[in-house]
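Just so it is clear, A, B, C, D, E and F label the chains in written order, and each chain counts residues from 1 on its own.
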Amino acid sequence: KQRHHINNGVLSRLYSSEVPQFETLAITVPKKHVFHVELNRPKQLNSITTLMWKELKDCFESLNDNSECRVILLSARGKHFTAGIDFNSLMQDSSKAEEYEDVARKAKILEKLITHCQDGITSLERCNKPILAVVHSACVGAGVDLITAADVRYCTKDAWFQVKEVDVGLAADVGTLQRLPKVVGNTSTVRELCFTARKFDSQEASELGLVSRVYSDQESAIKNVLETAVTIASKSPVAVQNTKKSLVYSQSRPNEVGLEHIKLINQAMLQSEDLKKAAIAQATKSTTEYENL
Amino acid sequence: KQRHHINNGVLSRLYSSEVPQFETLAITVPKKHVFHVELNRPKQLNSITTLMWKELKDCFESLNDNSECRVILLSARGKHFTAGIDFNSLMQDSSKAEEYEDVARKAKILEKLITHCQDGITSLERCNKPILAVVHSACVGAGVDLITAADVRYCTKDAWFQVKEVDVGLAADVGTLQRLPKVVGNTSTVRELCFTARKFDSQEASELGLVSRVYSDQESAIKNVLETAVTIASKSPVAVQNTKKSLVYSQSRPNEVGLEHIKLINQAMLQSEDLKKAAIAQATKSTTEYENL
Amino acid sequence: KQRHHINNGVLSRLYSSEVPQFETLAITVPKKHVFHVELNRPKQLNSITTLMWKELKDCFESLNDNSECRVILLSARGKHFTAGIDFNSLMQDSSKAEEYEDVARKAKILEKLITHCQDGITSLERCNKPILAVVHSACVGAGVDLITAADVRYCTKDAWFQVKEVDVGLAADVGTLQRLPKVVGNTSTVRELCFTARKFDSQEASELGLVSRVYSDQESAIKNVLETAVTIASKSPVAVQNTKKSLVYSQSRPNEVGLEHIKLINQAMLQSEDLKKAAIAQATKSTTEYENL
Amino acid sequence: KQRHHINNGVLSRLYSSEVPQFETLAITVPKKHVFHVELNRPKQLNSITTLMWKELKDCFESLNDNSECRVILLSARGKHFTAGIDFNSLMQDSSKAEEYEDVARKAKILEKLITHCQDGITSLERCNKPILAVVHSACVGAGVDLITAADVRYCTKDAWFQVKEVDVGLAADVGTLQRLPKVVGNTSTVRELCFTARKFDSQEASELGLVSRVYSDQESAIKNVLETAVTIASKSPVAVQNTKKSLVYSQSRPNEVGLEHIKLINQAMLQSEDLKKAAIAQATKSTTEYENL
Amino acid sequence: KQRHHINNGVLSRLYSSEVPQFETLAITVPKKHVFHVELNRPKQLNSITTLMWKELKDCFESLNDNSECRVILLSARGKHFTAGIDFNSLMQDSSKAEEYEDVARKAKILEKLITHCQDGITSLERCNKPILAVVHSACVGAGVDLITAADVRYCTKDAWFQVKEVDVGLAADVGTLQRLPKVVGNTSTVRELCFTARKFDSQEASELGLVSRVYSDQESAIKNVLETAVTIASKSPVAVQNTKKSLVYSQSRPNEVGLEHIKLINQAMLQSEDLKKAAIAQATKSTTEYENL
Amino acid sequence: KQRHHINNGVLSRLYSSEVPQFETLAITVPKKHVFHVELNRPKQLNSITTLMWKELKDCFESLNDNSECRVILLSARGKHFTAGIDFNSLMQDSSKAEEYEDVARKAKILEKLITHCQDGITSLERCNKPILAVVHSACVGAGVDLITAADVRYCTKDAWFQVKEVDVGLAADVGTLQRLPKVVGNTSTVRELCFTARKFDSQEASELGLVSRVYSDQESAIKNVLETAVTIASKSPVAVQNTKKSLVYSQSRPNEVGLEHIKLINQAMLQSEDLKKAAIAQATKSTTEYENL
């Protein structure tokens, strides 16, 4: 019954020789080509520290380059997905700005700080491997920023969400205000959520379209999503990764701009051997193995 | 049983010393920091005249500057929300174009007229205070343009909507074609509605995501939405108003563009006292009062 | 019980003197101003060949110019809507690239080929007449690209859909990755569909918002959608066609850009006689006939 | 020898019945359809006050609407073109921000103030009538912002220029940094000028392309530029004003965007009588009178 | 002394087996890979008719596809480069719009007409082969639109130019207002030229940067420019054509957008054999022959 | 006669305690707040290796953060400015791509490589401190990419330039095609230079506007430019750095976009103490010292 059987490190290592190690994130490889990233500060409710922002960036940049990795499962260890930003850590960072009296000098420090956090989250979007997020229990503040930068979202029945930033006196600045309306596709309720900071549960998240499916508990969620991940991992990585690249780029750009972009990509990619392998597999109704990318 | 108890002018004045006065709009202040704007030509079904376009602009520009105002409730007095544009008024305006024979000279008049109407509606979007619209009964033509420029929409059970412009021989030019698809997030049914001008009721509006909730009648709708408004008014105005600014700006722009925008804003705003106040309130689980903005 | 009574060529000809003829598409005119375009390679499951890409472009460009045509119904003859791209045809085209060894020379051939296919589909979006698609049974791969470029989508209960491109080793490059997320308005499930290539049925398509309504069978679907088409055809073509132009242009562009665009259009179009005709018709509660456009 | 003979108010009035009056600007009409706007605070070196920003906006908005006005000459009375922003006035405005301690509340005041100034200058660009600027002697700080928003620039031999903002501790925020590089077309020297705030004379301005011609003195400059203005005023106002509209819009936008824009404009404007008049005039080598626009 | 020795058809044919034939354009191949396009309606001063717009489009699309063509010389036969648009032809085309009374219906005709002309000129920009224009004597109206869509411009000493559109009652709508300011890089004099329609000679054109060099006469111009063309034709066509593609695309787009574009292109193109050939040629200081593209 | 007296390391160290050290770049601090970056592979003609790309990025990122640095002088040690990209280094990097057969896998390697090089050069543009480049002798290929990303360019009389990329079989992909036309403002000659790869000397560079001034030799160039640098270093760093930020951002963006950007910046920056210091200095005609930024 213990979920950690699934992403047990020893087992994982069987599936990959290059698993990056982090302090705040646990990386395992439960299935071939499927990397599992877990927020791993359970005792601190997975609250996000300066270090975790940095490790998120390092992690997803490294997985982007890691040719063994084809799809990523993102979840969290412990009781909650994440309580959001870690206030102690934030206070420490902001205190650098306090050293200055002058607004312009403070602003420079703060701009760097915001960039640091934004980069942590944007790294999910820039990573060309699909990221499937599985949320359980609390997903608060920066947690919402984080999951809206993933590709597909699932949650457990006990999951709840909160765009909490206005409650701590600021406009969200690491992605929720940009991504949540695009992910959900409806702005009326989204804006209500952003202005009121009210909590909403898994059912509302599902109706809203924030998550694609609700599972009874984390174990079954991960089990099922892992199957989806395995399916994706079995496809041509050339096909899958350029699909993500094109989806991300084409969002909020006129169709002709997105079409030009994929045309430039595919004038090279249609020369890949993956097409031929796929064609043969389709024709012979067999499966095929694609080289890493 | 009379709804006007809620936004009774005498009472309202207690909550604000600066309430702008208009001929076609009634402004009251039912709760501290909550301004209530009502379309106020009930005998003419709140049809929108040249004067009302102008007053809408003046009203929302003035509320944007009004530091006592933190959130706005938008509804209408009388039997219907609005019958849309007032044809007598439009005819009078267009008659100026009739004075000219030449297409180019007519075009100049018409361009000014369209600008005048567009500005009335765009003023809702440019106003940094959240606008919660409550629609009852008929919301036709320009009424749909108007509410899609608000932030959150609610309606009564008897509400019905109609993108009527094609029925009067023109493509909608004051916002519906731009905002309705983005607000709703789905284009198939939206386009059907725009091409056919068929009426749709509160249930379809709710399923479509045009409104966030349907209430039994206007009184209960306003009572409930007022509570939401009070909640928003209790938050840091720095947080709330920059949240709206960022949401509006980031729509239809690539994420990196929206992220850069909020970064520039927050390099200043994170220096505001509201953060500290909020932090203390959160830490001490108490409430706090924020200065006006 | 045979659907072809509806769009029987002989009958159709009564309604229009200018019906373009194609090899892979059947064009009829079941009602005044309503053109019906049917994919017409039923024995090959309406798979899309080089010729069909070209004919799609020619067809929708020609209907755009055809002033008798005001609205277009798009469906398919035979057992399935379409099996997607025709592999034999694709292989033949790609073989031109095989003549070259050099990546750059191959790329030039492939770029032209992608352009050829993209143009076939983008022609639906560029055609100013509303296009109502009716899908039945299989709609696979390029079929999804095709219908997302239509304006409104309906389907039969037995319809099923598949974003199949990753299965054949490539990222979709003729429109699905650009248009599907915008059409549906929700990215979580859309991305899952694009990464996994899993099939989804009419119910999921409806919940997702890909289609506006599900009908029991093709005959009733076409019968009903034809009524919608007739309604649209009865409206001012100036109003309807500029409505489409503005909807298409305003998507993925900031609201102020879309508003400027429709203002430039309407400074001319508000001088059209259609407004006066519509005004009289509305005032006298009569119907009116609009000139072709 | 006194230049004021040229734009003597009494004389001017002969050429127009609608000349707006301002405190800080003198408006005359030296030739039919040619309006002359002069900065008119000679004793204060035409330094720009809060009132002048407002009057600039009102002036150019009013001339844009004034159908008798077809071209505008912009120069200054007194010894210098302008010393730039008026510091006393600026201090008074900024002092409103000083009333607040909080950075966010100050920022709101400052944002409004910058908007106020930007609007004064942007009004030149938004005015569809060509603006010919004639600079003499000092043109400092906000003066450079102002003239780069005009269409064509001329100067006298004794003219000198200075992008002075860095000397007063701020980055220019009312247009120089946006418009100067585009007007001049070369960024190397432009950036040097912006970073060093060094003065440059009429010869360097001419070589740089900031001005189109250098005249010996203000009288001869205005006399000559007036002739150019008269030439422009004799052309079709439909042609000239849409030329400016298209030039302004197409700058910094891809060519296809600018081409689409002028196409939308000209689908109406090519229906104007001005084309026929011009065609006859060209064919008969005669002159023609165009109606006002 | 006769220039036609240079591009004598018989000789040309030696250099290419695929030379498209046109009525209004003469195409020859004076040197290997160098195609010479000449405006060829000398008796009508090379005025541009409906047919010529079409043939310009067909010509440059065909040369874009023609792998023997690597660089294009554009000049004109007869006494003048071009007198601009042909009025008789334009009148005939516009007369189709005259058949309609209604502004909207006329607008549709005119929009198509403008598109037709714009496409003729934009085809130069879309053609990936460098186009070197050699202007002699008059280059009026549409002639300026035409040459600004070329890549490099040269002229003879007797050349003169005129942005004539305002003289015929319209704002230029086929490219001058978009391209001239970008080509020249300076807007002050450009706007003067556009508003006044005054003629300017080769010297002013040279100082303005419209042309890169002025030659004494057409013969020497073509002789010299042909040498430049031969130089370009000797380079890798992969390098040259993607250089043009990137230059055209990057204009008026932020640098990061242009850099992303060339990165997508070069991830394929750096795999071309041309790099290796060039590397060897450079290393061995020899010349190399590149395959056609 | 030895130039190294000027930027002698020992002397430099007096002016700053934080001077980053690099292998391929020499950093000194010849004057207070003025950092001097020199390409430092004189024996290899300063050809740019993988390491140098990386160090360029690290250098300019570090100087951007270094609050003692206010302005940067960029020049090169040895006989030439730079011979461009180092072919041995490039070959080594590209050989990684050679390990793969498949086009898609090669493309991934190449994309990373191009990104690596682009980042080296874009770091100059992203660094908010003004960069003054002094070119002597050869500036070839990637050297042109590099200097066009600087802010102001100067050169010696013996300097010569070459956009050499087409000669090595590729379209330039690290900035020249994006930045050179914008820096120079004229595209005719620029395109000729890019297509032919012909060398051009200091005089043509000056006429073209690529450089702002030509000096007799490197010593006098550096001496003079150092004076300009000292001037810039004496200004408010808040003013200077936001001036660069706004200039860079506003290029190739419509004016209203650039104006909105600087407004967001200055709502914070106008609260800086630098304005008051500057105001007092101006009023008292004294100099002032600004805090580091």
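Methods note: contacts are C-beta pairs under 8 Å (C-beta built on N, C-alpha and C of every residue); 3 or more make two chains touch, one makes a residue touch a chain.
All values derive from a computational prediction rather than experimental measurement.
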item: Partner chains shared by chain A and chain D (touch criterion as defined above); value: B, C, E, F
item: Between A-F and C-D, the pair with more C-beta contacts; value: A-F
item: Residue-number overlap at the chain D/chain F interface, same or different (half cut); value: different
item: Distance between chain centroids, defined by C-alpha means - chain A, chain C (Å); value: 34
item: Multi-partner residues of chain A (at least 2 other chains); value: 103, 107-108, 182, 184-186, 238, 251-253, 264-265, 267-269, 271-272, 274
item: Residues of chain E defined as touching chain F within the complex; value: 71, 130, 151-153, 182-186, 209-212, 228, 231-232, 235-236, 238-240, 242-247, 250-256, 258-259, 262-272, 274-279, 282
item: Complex contacts: residues of chain B adjacent to chain D; value: 65, 101-105, 107-108, 112, 238, 268-269, 271-274, 291, 293
item: Chain C partner contacts - residues on chain B that touch it in the complex; value: 87, 94, 97, 103, 106-108, 110-111, 114-115, 118, 122, 125, 165-175, 177-179, 181-182, 184-189, 191-192, 194-198, 209, 251-253
item: Chain A - residues contacting chain E, complex; value: 261, 264-265, 267-268, 271
